[in-house]
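Multiple structures are listed underneath, in structure tokens.
Across the two complexes that follow, chain A remains constant while its partner is chain B and subsequently chain C.
Entry: the complex of A and B
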């Protein structure tokens, strides 16, 4: 698919103009809301930055709405668990939006231990004409008041404020890796390495544990939960992925504790590709239901797979993201890159899937035409409104002029987090501390 | 899979990762350490298989030398074993006649035979207390497989000698019964591990304390979580089950959550 003209690089608003990236500015999650009007990013410093799309202007119809900073707030702070002598990182692991039900916007953000519900609302009027205090806020001497008046609301400059409405804490012993809002809009799940907890959005002092894979003896541990998500339409169904490369679909109507799955998706391992690192590269880093609820997509280290919910024994489609890394697994293990957790996303119509790679590359696969493209998110290689040029990695033999050889890939530049607008072809790609927003070619 | 040398570097890399994860911000990451322990297990399996293969070859060599000795003792004109008089036979028995002093089988369990090959003389040891990873150059494979560290390493307080006689002469009945030999090795192995467990109780000597802590650590790292044990009747499986009985710092760290 042809992509890209409006290449817009929006720095995190806290970035000074430095060449190095402060670790706190590294973006750790990106998420469009359900209409695509808002885009939220979370970073390692515990901050959330929300972008809002400009209203389309009638005078410049060819210029689609661009995203500007709408709100910025500190969601999580570093904490210390005194009992275990552990520092709790403030890094935002996931953000999930709630569908809009009134004028305010709500999102859930989580770090390793605590989920918070934030309300983002606008204030563009303020009351003026108080009796007991004057315009500066100073209290007036009651004896000087001779008449009463009714305060009136006067317009003011738009102010966007974020307030924490709920804090859901103390429910996770292990590190939270994902959250997912239910289609009933009343509950959500939070998932750590061994457990999935079900919450009601209104109740913060209680949660229900619905999946627990902790063995009686921790020495017998062989797999952990890596991600979980509710089905987009069926409020009783959710799926969770494991470090062993399997996905379990659970039905909450069957039992209170969903330890027994209703479906189990796993592809048998190909013994010819067995290596020291087989277990690591088969660990699933992300699982996403398609918008129509018929498919599941999973990402492991080298591939993206699309599963049909009706077929458990093998995936419907398998896409190689960067198979040229298979021969470099040992050095990727040494520099810890093999533990990178890439995410994957569907487009609005479930026809295209996208995921990130190294060297600031990201890949898109068209499920219908079976074509794929590799694109790069970088300042040097793209000017504003230029069309992104497809990139190619040379895997061996003669390297062509524009190709990059595997050994020149920069493994410190990785695209782990991407998101796709729910209706349009607009994508947001996080490259370390930079956020790139790409739109489809206009006209 | 790669050979034993790569396996050894993977083992030391994995141990370093586990060690450094203890001081990482945010606490020990269960998922990452689980994956690292898988690599450790895989590398250890390959490493041990290579070692056992070498030991097996070593024992074949021993057997060949024994046969050589027997041949030398025989009257060359004795018609009892016409096969042994084949001129090609001498060539097929390496070292026969050239090496009048075959190495004495040491009084250790068979896995601790001195190996003539250079690349199996290194052992990687991680001491979690001093935070030092050392690669020990010697002729013995200790800690990693037999855990009888006091027996193998030079020790001011030598342990009682291995009560099990060297299994090599027992099996030498001519012919190669490879599977049976391996099982017998295993039972010796098991025996040595059981003995270590009993001896493990009071530890008056700090040096012994260190080496048994390290040996516990290595065996636990080597086996990782017991659920990682392969389902096949594996040599390692039988050894590891014995070692898992003792709690090491690694499992304490996990259980501490």
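Entry: the complex of A and C
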């Protein structure tokens, strides 16, 4: 059928590569590093698992580099705030990689309150032949030492160790929802519901507050910050999104406190679709700059929008993710699904965008051909190395054979976190506690 | 728009107040004229649902501020709309006239989390729920019939009482309690509401629907006007059972609506106590929260 053949252009025979079952914990964030060699996942238990891509083997060219576990470490522990008598969850909200500058890898990981800089380094050699201690580490009896020798580096089994190099704490009263590394590679921002703080990666005891939308009287609070990101090239520009569906672009050169935006993006509301849920579904859950820095993508409950940075009054493109839910908003409000925060992601060339949905579905939109596809991340419905079959949700009365009706959707299976390899067509999709990695088929 | 201190006016001045037993707003004259009853039913249940959501915040872990802001904005929106078309006023009057069972209070009290243990001692030994507030419009006869809890509540709602102990179903999520804002003090009671009760003139009833009206101080009304003054009694076992079994069809609002045929204002709250597992609370963590609630209440109340 013509439609299916078109969708194949995008999904283009994505293979299911491996299904990495993590612990029972739910994956809360996924992120490729800037080369795509590493893939980090954070989970609800405060752990970070880093996968590394295998070197492509010359003997098996058909076997593309697969991702294997490289390092696992406990990034955050549960804490208790004694002043407020409240627990601080150890769940990793976001991970952001720093571009690689030497042999070690660096990433920032954050929970609700504290950001940590982790260094992941390899050790494959160790010095042997000490003078004062033997191989087990025990101190040698000085009277037995008769000659001097220089310790030599000997190869050992590869060991990957992660060490916390910086801990940035006590700067956020509210829950951190995002972090973003600046293109200057020296600073980064951390954002909570009401404030954005600017840090220097070297300095942990001080941060600058650059956005503060907390009203003098908390009773008047009607809007919160939902996400913030630095511009990929301009180190003075960042954007933050709000729960009212607006995005503000700020220029740090204008003032120390960026409460006044330099650009304000908001689409006027369509009065014909107004309901009591209009505001909730307009709340932006994720904002991402395109790699070329010319566009912004935002995700609200039902749509993904692409904005041109030069046009503030309306988005350039709007894509319906799961419009069939529009008639179910009351139920979704009741079971709290309407507050789910879906992320969105660009591919390396900014031509395709992807976001998650329910029932372990995720959607891809090709901006050039305007085609879209719905795929499913589930073990039952796809065999390893099989091409993913496009899925379809039927809204009308007649349900075709492979379609699934709206009422059969499983709202507990939501794909909130996805990431796309910066150069290749490899995607990682987190489905509750499972991580799926899909690759383009090798011809 | 209904303003504080102004005598309530019916749209048709000569009309009698809605008789007891009838469920507003379907029978409210102004409401039914301008809105379909199903729309106002839906709007009402949405309002109730939202209020419950705001109440049931997780006290062990800080609640999600974004979610609460969105729910509060929805509540505000509904209240504004209801005030604009006069439904609010009609509804509260109708409720006032209606006979409401007192046992409702128990169920709704459980939903109220205490955020302030040490305020205005002696005024009211029990927290007042939304329903309780409405019931305050009863004549004194109702007070005598019901149990001690209700009586205490009623007495504090009488216009003669100098201080209003008012429903705290929203418990000031933003301005009050440590979980929201470190700088705000506990028990930051909005003293204004006491003025409300004095200013508002009623036809002999305790008239305090001002609390719920969306006027220019909607924000305060929503967040800070009410507070729970005193410890919550042990949770109703019926309510525990309710939360222990989350019906998968709960997210179908129709189930809820059809399950309770007469959906008057705040009857939704009644449905929680009297009907089976039509649990509106979707979070299974509410179950553990109620256990935590027990424990926390014991701590906060002190020994």
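In the analysis below, the second predicted complex is superposed on the first by the 419 of 443 C-alpha atoms of A that agree within 3 Å, B and C clash if a C-alpha of one lies under 4 Å from a C-alpha of the other, contacts with A are read in each partner's own complex, and residues count from 1 in each chain.
Note that in this section a contact is a pair of C-beta atoms (placed from the backbone, for glycine too) under 8 Å apart; a residue touches a chain by one contact, two chains touch by 3 or more.
Not measured: the values here are computed from a predicted model.
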Q. For the three-chain model obtained by superposing on chain A, do chain B and chain C clash or fit?
A. clash
(Q) Looking at A:229, would you say it contacts chain B, chain C, both, or neither? Reply first, second, both or neither. (A) neither
Q: In the overlay, answer first, second, both or neither for which of chain B and chain C A:279 touches.
A: both
Q: Kindly classify A:220 by the partners it touches after superposition: chain B alone (first), chain C alone (second), both, or neither?
A: both
Q. First (chain B), second (chain C), both or neither: which does A:37 touch?
A. neither
Q) Once the shared chain is lined up, is A:331 touching chain B (first), chain C (second), both, or neither of them? A) second
Q. Which chain A residues lie in the overlap of the chain B contact set and the chain C contact set?
A. 84, 86-89, 112, 173-175, 177, 193-194, 217-224, 226, 243, 276-277, 279-280, 283, 330, 333-334, 336, 339
Q. What residues on chain C touch chain A, complex-wise?
A. 42-43, 46, 49, 53, 59-62, 64-67, 69-70, 72-74, 77-78, 172, 174-175, 178-182, 184, 219-220, 222-224, 250-253, 256, 280, 282-283
Q) What does chain A use to touch chain B in their complex? A) 84, 86-89, 91, 112, 173-175, 177, 193-194, 215, 217-224, 226, 243, 274-280, 283, 330, 333-334, 336, 339
Q: State the interface residues of chain B toward chain A in the complex, per the touch definition above.
A: 1-2, 6-7, 10, 13, 17, 25-27, 29-32, 34-35, 38-39, 42-43, 46, 225-228, 244, 251, 254-257
Q.
Under the definition above, what is the set of chain A residues touching chain C in their complex?
A. 83-89, 112, 173-175, 177, 193-194, 217-224, 226, 243, 276-277, 279-280, 283, 330-337, 339, 411
